[in-house]
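The chains carry the letters A, B, C and D, assigned in the order they are written, with residues numbered from 1 in each.
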Amino acid sequence: MDTVLFVNQLLNGIQLGLILFLLAAGLSLVFGIMDFINLAHGVFYMLGAYICATVAIASGSFILGFVVALPAVLVLGLATEWLIVRHFYKRDHLDQVLVTFGLVLCADTAVKYLWGPQGLSVPLPAWLGGQVALGGITLPAYRLFIVAVAAVVALALWQVIARTRVGMMVRASASNEEMARALGIETRMIFALVFAIGAVLAGIGGIMVAPITGASIGMGNQIVILALVVIIIGGIGSIFGAFVAAIGVGLIDTLGRAYLPSILGAVFSPSVASSAGPALASILIYLTMTLVLVFRPSGLFPPANR
Amino acid sequence: MTRSIPAEDGAKLTSAPARPRPATDCDLVAAFVILAALAVAPFALAAIGHDFWTDVILRAMILGIAAVSLNFIIGLGGLVSLGHAVFLGIGGYSVGILADLGIDNGPAQLGAALLFSAAFAWLTGMIALRTRGVHFIMITLAFAQMVYFTMMGLRQFGGDDGLTINYSTTFGPLDLGDKDVLYYVVLAVLGAAMLGFARVRRSDFGLLLKAAKGNERRVSAVGFNAYRYRLAAYVAAGTLCGLAGFLDANFTGFVTPSAMSWISSGELIFIVIVGGIASVSGPIAGALVFLLIEEWMGGLTVYWHFWFGLFLIAIILFARNGLVGLLNQRRPR
Amino acid sequence: MKLATAFLATALMATTAHAQEPIRIGFITTLTTPAAAIGNDMVDAVNLAIDHVGGEIAGHPIQVIFEDDGLQPELGRQKAEKLVRQEKVDVVSGFIWSNVLMAARRTVLDSDTFLISTNAGPSDLAGKLCSPDFFSLRGQNDVVPMALGQIMNERGVEKLYVMTPNYSAGTDMAAGVENTFEGEVVGRDFTKWGEDPQLDFSAELAKVGASGADALFAFYPGRAAIFARQFEQSGLADRVKLYTVYTFDQIALPTLQEAGIDVALGSVTVDYWSPDIDTPANVKFVEDFKERYGRLPSNYAAAAYDLIPYLKAAVEQSGGDIKDRDAVREALIRADYESVRGRYSLARNHFPIDNYRSLEIAPDANGAWSMRSDGLELAGLVDPYVDQCGNDS
Amino acid sequence: MTPALQVNRLNKYFGGLHATRDVSMTLPRGELHAVIGPNGAGKTTLISQLFGELRPSSGQVLIEGRDVTHRPTHERAGLGMARSFQITTLVRDLTVAENVILALLARQGHAGRFWRRVDRNAGLQADAAGALARIGMPATQLGRRVSDLSHGEQRMLELAIAMVGDPTLILLDEPMAGLGSEESRAMTRFLAQLKGKTTVLLVEHDMEAVFELADRLTVLVRGEVVAVGTPAQIRDDERVRDAYLGEDA
C-alpha cells in the first residue's frame, strides 16, 4: 500500500469527519436538549458558505469572510429560533420534520433568489492554497487548516460544556427542564442560545468546505442526513459520541471510496468495481447505523442523564 | 421508578396532544366526491381542451395510492417512516429490470413487484419495528438509502441515470402503455385502496394499531403483541406502495434511484399530513393539492418553492389536521 | 413549469403572415438549478437565431415555448407531455441531458412530433432505439471522448488517469477515451454523482499523484470550477497534463477566469465547434451573440442556434408546410443549410457526421478565456452505434 | 395446590441502585395480598417485573407453577394475568368502548379481522357494556373519549379493563390514588367481592382500605421484604412500625 496515498486519504477522512462533527454537535445538542429534529440545520451550513463567499469575493480576503459570516449566521440562527422553531419544541417529531422541511425549501429558494442558481467559488489566500511537506509526505495546506480549526472548535465546545457556568446550565436543562427552571435557569434563553450556537457551528462547517466544494444551493441537505446518522450512532445528546461517530463516518466514507474499488476489483470486473465501490461506501455507513440501532439503540456513547 | 420503564421513547411521537379525529361522515363524503370527479375528469378536460391536466391528475392518483399506503403505518400505526418511497422504487425496478430482460408479461411483472415489495417490507420491518420514534425514522431512512445507493451503483440497470422502459406492461389485451387504460386501472386501484383503508380503520386490526399508537403498554397489558400487527401493517403498506411503483413505471416509462431518495419519502409524508392524517380522503386530496400547486405556482414563478415552503409551515402551524380537518372544522361537531 | 412564451410576430410580416398558423416549437432545457446557465445560453441562442431568420419560416411566425426540466427526467417527461398534448407543438427540441431526453422520448415520438436534440445524444437513440422522427444537431456523446483519446495518442500521452462521475454519461466518457487511447490507463475513479454528488476530490487526486500518470482525463460538467480548484490545490498541475470534455466550456471559463484558477489554461479539450471557426454563419453568430449578451456563446448555444436555420431550411425546401411530415423529414435528413460549423451530413441514425478539433484553453484577442484550435483535426467521425440503427436512409 | 404466584429471590439493579433485593413471595389462589411500603420502596418496580415490563436482574417469577421470568408481557396476559397501572394507562384518544373492546379482542386471542367493523359489531358492543356494568359504570359512557373522563372514572375504567375475561391473577398498582372518598369506598367494595375468587396483588397507600381488605401483607422497604403476615401481625410488628408505620403516625 502506498503510504503517501494512505496518509492523504486518512487526512481527508478526518477532515470530512470534523466537518460532520461541526454539524452533528449542534444537531445533537438541539435534539438532546430540546428534543427537536432539525432538518433545516444544513441551511446554516449553506448560509455560512454563501455569506463567507460573498464577502471573500468582494474583499478578496477569505479570513474577512470567515469573520463576517459567523455573527451573521448567529443572528440568523436566533431569528429562526424566535420566529418558528420555538413554537415546535413541544410538538411531535413529525411536525418538526415537516416544518423544518418547509424551512429548507424556503431557505434554498431565498438563496437562489439572492445569489442566483449558479453557486459561488471561494478564493483562498495563497498561504492556504499550497502544499506542506511533513516528514516526506506532502499534504494540502488547506486540509490541515480545516483539521486544525475544527479541532480547536471541538475542543472549545467541549471545554465550554464541561467547565463553564453556561455549560452547566445547558447540561442542567438537558437533564431536567423543570429542575433547571426551579434553579432559576431561564430555559427559553438557554434553548435559544443552544440553537444559535448549533447554527454557528454548522456555519463554520459550511465556511470551511466552501473553498473546496464551493457554495451551492442545497449543499446542506444531504450532509444534514449524514449528520443525523452520526448522532444516532454516537448517541443523541452526546458531544463525545458525535465526535467519535463523525470521525468514524468520515473515515468509512473516504477510505471506502478510495479502497473498496480495488478490493471489489479482485472479484468483479474493473468497471463494475469502480462504479459499485462508492455506492458500497455509502451503504456501509447506513449499515453501521442500522447495526448500532439494533444492538445499542441509544447509541455508542449515550449521555449519562438519559 | 416508572420513568425508567422502556417504551417511553416513542411517547412523544404518539401520545402528544391528540390530533382530533376527523369526522367520518365529511371524510367519506369527500372521498366519494373526489373519486367521482376523478372518474369524469378525463372527459371533462378533453371537452375543454385541457387534456394535459389528465396527465397531472394521473400522476397525483399514483402518488395518492402511495400516500394511502403510508397512511396505514403513519396514520393508523403512528410510525413515521422516512423511507417509504423505497417501495415505489422496488415496484418500478421490478417492471424495469424485467422489461430490460425482455419480459413484458403483465402477471410476471406485477407478481415480481408485489413479491419483492412484500419481502423487503417483511425483512426490514422485522428489524425496524423493534425501534420507536426517531430511531424508527432513521432506520427506515437507512434501509431506503441502502437500496438507493445499490441502484445508483448498478451500472447494468442504468445506475444514476435510471432505467428506461421501452415496452409497456400488457395483461392479455390490456395494455398499460395506453394512457386511457392506465388511467382507469389506477383509479380502480386507488378506489380499492381507499375503501380498504376505510374498512381497516374501523376494524379489529385498525383498532389495535390505533391503540398501539396511543399507548403501547396498554396493548401488551391486555395481552397483544403489537409488534406482530405492526409488521402485518408494514408489509401491507409496503406491498401497496410497491403496486404504486409498478403503475408509476408504466406511466412514466422509466425508473430512477431518485424516486427512492429521502426527499421523495418526505414528500409522501407531506402529502399525507397536508391531506389529513388517518383520513380516507386525505392522501388523494393531499396528492392533488401537491401537484396542482406545483403546476400552478411553477407556472407563475421559478421561485415557487419558497411559497410552497411557507404553505407547508402554515399548514403545520395552523391546520394540524390537514385539508380534511379544515372541512370538518367548518361544522360544529 | 415555465410559460415563457416567445411571440415573435414582427411588424414586417404582419400583413403576410398574420393569418398564418404559427410554427410551434417546444424547447426543453434547464432553467433552474446551477445548470440554468447552460439553459439560458441555449434560450439566448434560439432567440438570436429567430431574429436572424426574420422571425418566420415560410411565412409562418415562429413560436417557441421554453420549458424547464429542473435536471429531472420525470419533470422533462411531464413537460414533453404538456408540449405535445396541451400546446400541440410541431417540434420538441432542446435537451441538455441524456436521461431527460430518454425520459421524454416516448411521449414525443408516440404523438408523431419531431424530436430534435440540440445537445444530448444517448447511445440508445443512436442505436437500437433510433427513430425516423428523431434528429440530432451534434454527434453522439461518445464520439467526443473517442476523439480525445486519439488526440492524446497524437500528443504522445503515455500514462493516463481517468476521473469521471459515476453515472452513465460519466462511464460512457471514460469508456470512450479508453477505447481509442493507446497508452496505459494507470488508474480510474468514478466519483459519486446525483443528488448528493461528491465534491471533494482530494482522495482521488492523491491517487492520481501516486499513480505516476502524465495526463489526467476529467469529465465534470457543471463542476468545472470546483474540480479545477482542487486540481490546483493538489499541486499536480506541473506534472500532470489535464484533458477534459464537456467541462471547461464557454459556460465555465468566465467563472474560472474570475476566480483566477490558472490551471485551466493550457488544458486540452475537443469539440466539433469552437467560437473561432471561420464560417460566415459562425462569425455572424458569435459576433451578434457577443454584442447582444456580452459574452461568448458556448457549444450548447451553437447547436441551439442551428436549430432555427435547420428547421427553416427543411420546411421551406419541402413546400412550406410543417404538417407535411414525410416531406419535412426528407429535408431534415438532407440537412441542406448553413450550420455555424459549416456543412455536414447525417448518418443513418440522424446524428451529424462531424469533424473534431483539438482545442486548447487560452485567452482570445480580448483577453477573455476561450478555446483555440491547435491545428489537430479528426475528420468525419461516426459513432459506433449506428450499425444497430434500423432507419432506412 | 400450586400457588397462583410465586416469586423466588428477585433482584433488580438500575446501574448502582439496588431497587429490588432478594424478594421472595408466595400467593395462594384466591388470596388478596397487599404490598405496602414507603415511597421509593420499589413497589411499582416489583409489579413491573412480575408483569414482564421490566426484566429482573436475577430471580424467578412463576404463575401457576410455570416459569414466566423471561416471557413477554403479552404472553403473561394470555396466561390470565392482568394489571392496572399507578399512572392511568388507557388509550386517551380512543373511546371507552374501544378501550374495553381491545381487551375483549385480546381474550378472543386475536385482532386479525381487518374487514369486520368494530363499531357495528353488536356482540362486542354488548360485551363492552357488560364489562362496564361489573364495576358499576353506566353503558352511556361507552361513546365518550377517555381523555374526557374524570380521573376517578379513568381509574374505574382501568379496573374494568383489567377484569375483562376474568383474570386469575390481577396486579393492582394504587387503584385508589387520587380517588374521592365516595369513589374509594366503591372501589373497596368491589375489591372485597373479588376475594376468594381471584388472586389479587394490591399495592396501595390507603392503609384503612389495605388493612380492611388484605388477607396477608408484605412490607417492602428500600426494595427489601421486612415483614410478611396477616394484618394483625403486621400491625404489631416492631420493625414495620419503626421502618414505616411510625413515620406516618
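We adopt the following convention: a residue touches a chain if its C-beta (ideal position, glycine included) is under 8 Å from a C-beta of that chain, and two chains touch if they have at least 3 such contacts.
Chain labels with UniProt names: A = Amino acid/amide ABC transporter membrane protein 1, HAAT family; B = Amino acid/amide ABC transporter membrane protein 2, HAAT family; D = Amino acid/amide ABC transporter ATP-binding protein 1, HAAT family.
Computed from a predicted structure; not experimentally measured.
Visitor: Give me the fewest steps it takes to get from chain B to chain D if each step has to go to a chain it touches.
Guide: Steps on the shortest route: 1.
Visitor: Which pair wins on C-beta contacts, A-C or B-C?
Guide: Looking at A-C and B-C side by side, A-C shows more C-beta contacts.
Visitor: Please flag the chain sitting at the greatest distance from chain D, going by CA centroids.
Guide: C
Visitor: So, comparing each chain's Cα centre against the centre of all protein Cα atoms, which one is closest?
Guide: Per-chain C-alpha centroids ranked by distance to the global centroid put B first.
Visitor: Centroid of chain C to centroid of chain D, CA atoms only: how many Å?
Guide: 76
Visitor: Can you check how far apart chain A and chain C are, centre to centre, with Cα atoms defining each centre and the answer in Å?
Guide: Spacing between the chain centres: roughly 37 Å.
Visitor: Centroid from C-alpha atoms only, then distance chain B to chain C, rounded to Å. What do you get?
Guide: Taking the mean C-alpha position of each chain, the two centres sit 38 Å apart.
Visitor: Using mean CA coordinates as chain centres, what's the chain A-chain D distance in Å?
Guide: Each chain reduced to its C-alpha mean, chain A and chain D end up 49 Å apart.
Visitor: Going through chain C residue by residue, note those that touch at least 2 other chains and give them in order.
Guide: In chain C, the residues touching two or more other chains are 32, 166, 171, 192, 195.
Visitor: Multi-chain contacts in chain A: which residues touch at least two other chains?
Guide: 112, 271, 275, 277-279, 282
Visitor: If you go through all the chains, which pairs of them touch?
Guide: Listed by label, chains in contact pair as A-B, A-C, B-C, B-D.
Visitor: Show me the residue ranges of chain C that touch chain A in the complex, using the header's touch definition.
Guide: Where chain C meets chain A, its residues are 32-34, 36-37, 166, 171, 175, 188-192, 195-196, 198-200, 202-204, 206-207, 209-210, 225-226, 229-230, 232-235, 255, 259-261.
Visitor: Going by the contact rule at the top, pick out the chain B residues touching chain D in the complex.
Guide: On the chain B side, the touching residues are 1-2, 4-6, 15, 18-19, 21, 199-200, 202-208, 210-211, 214-215, 217-225, 229, 232.
Visitor: For the complex, give me every residue of chain A touching chain C.
Guide: So the residues of chain A touching chain C come out as 2, 4-5, 8-9, 12, 16, 112, 117-119, 121, 123-124, 129-131, 138, 140, 142-143, 209, 211-214, 216-217, 222, 254, 257-258, 261, 270-271, 274-275, 277-279, 282.
Visitor: Could you list, by residue number, the parts of chain B that touch chain C in their complex?
Guide: Touching chain C: residues 50-52, 55-56, 59, 152-153, 155, 158-162, 164, 166, 252-254, 256-259, 261, 263, 295, 298-299, 302 of chain B.
Visitor: Which part of chain D faces chain B closely enough to touch in the complex?
Guide: 14, 19, 40, 42, 44-45, 48, 51, 53-54, 72-75, 77-78, 82-83, 85-87, 89-94, 98-99, 101-103, 105-107, 110-120, 147, 161, 164
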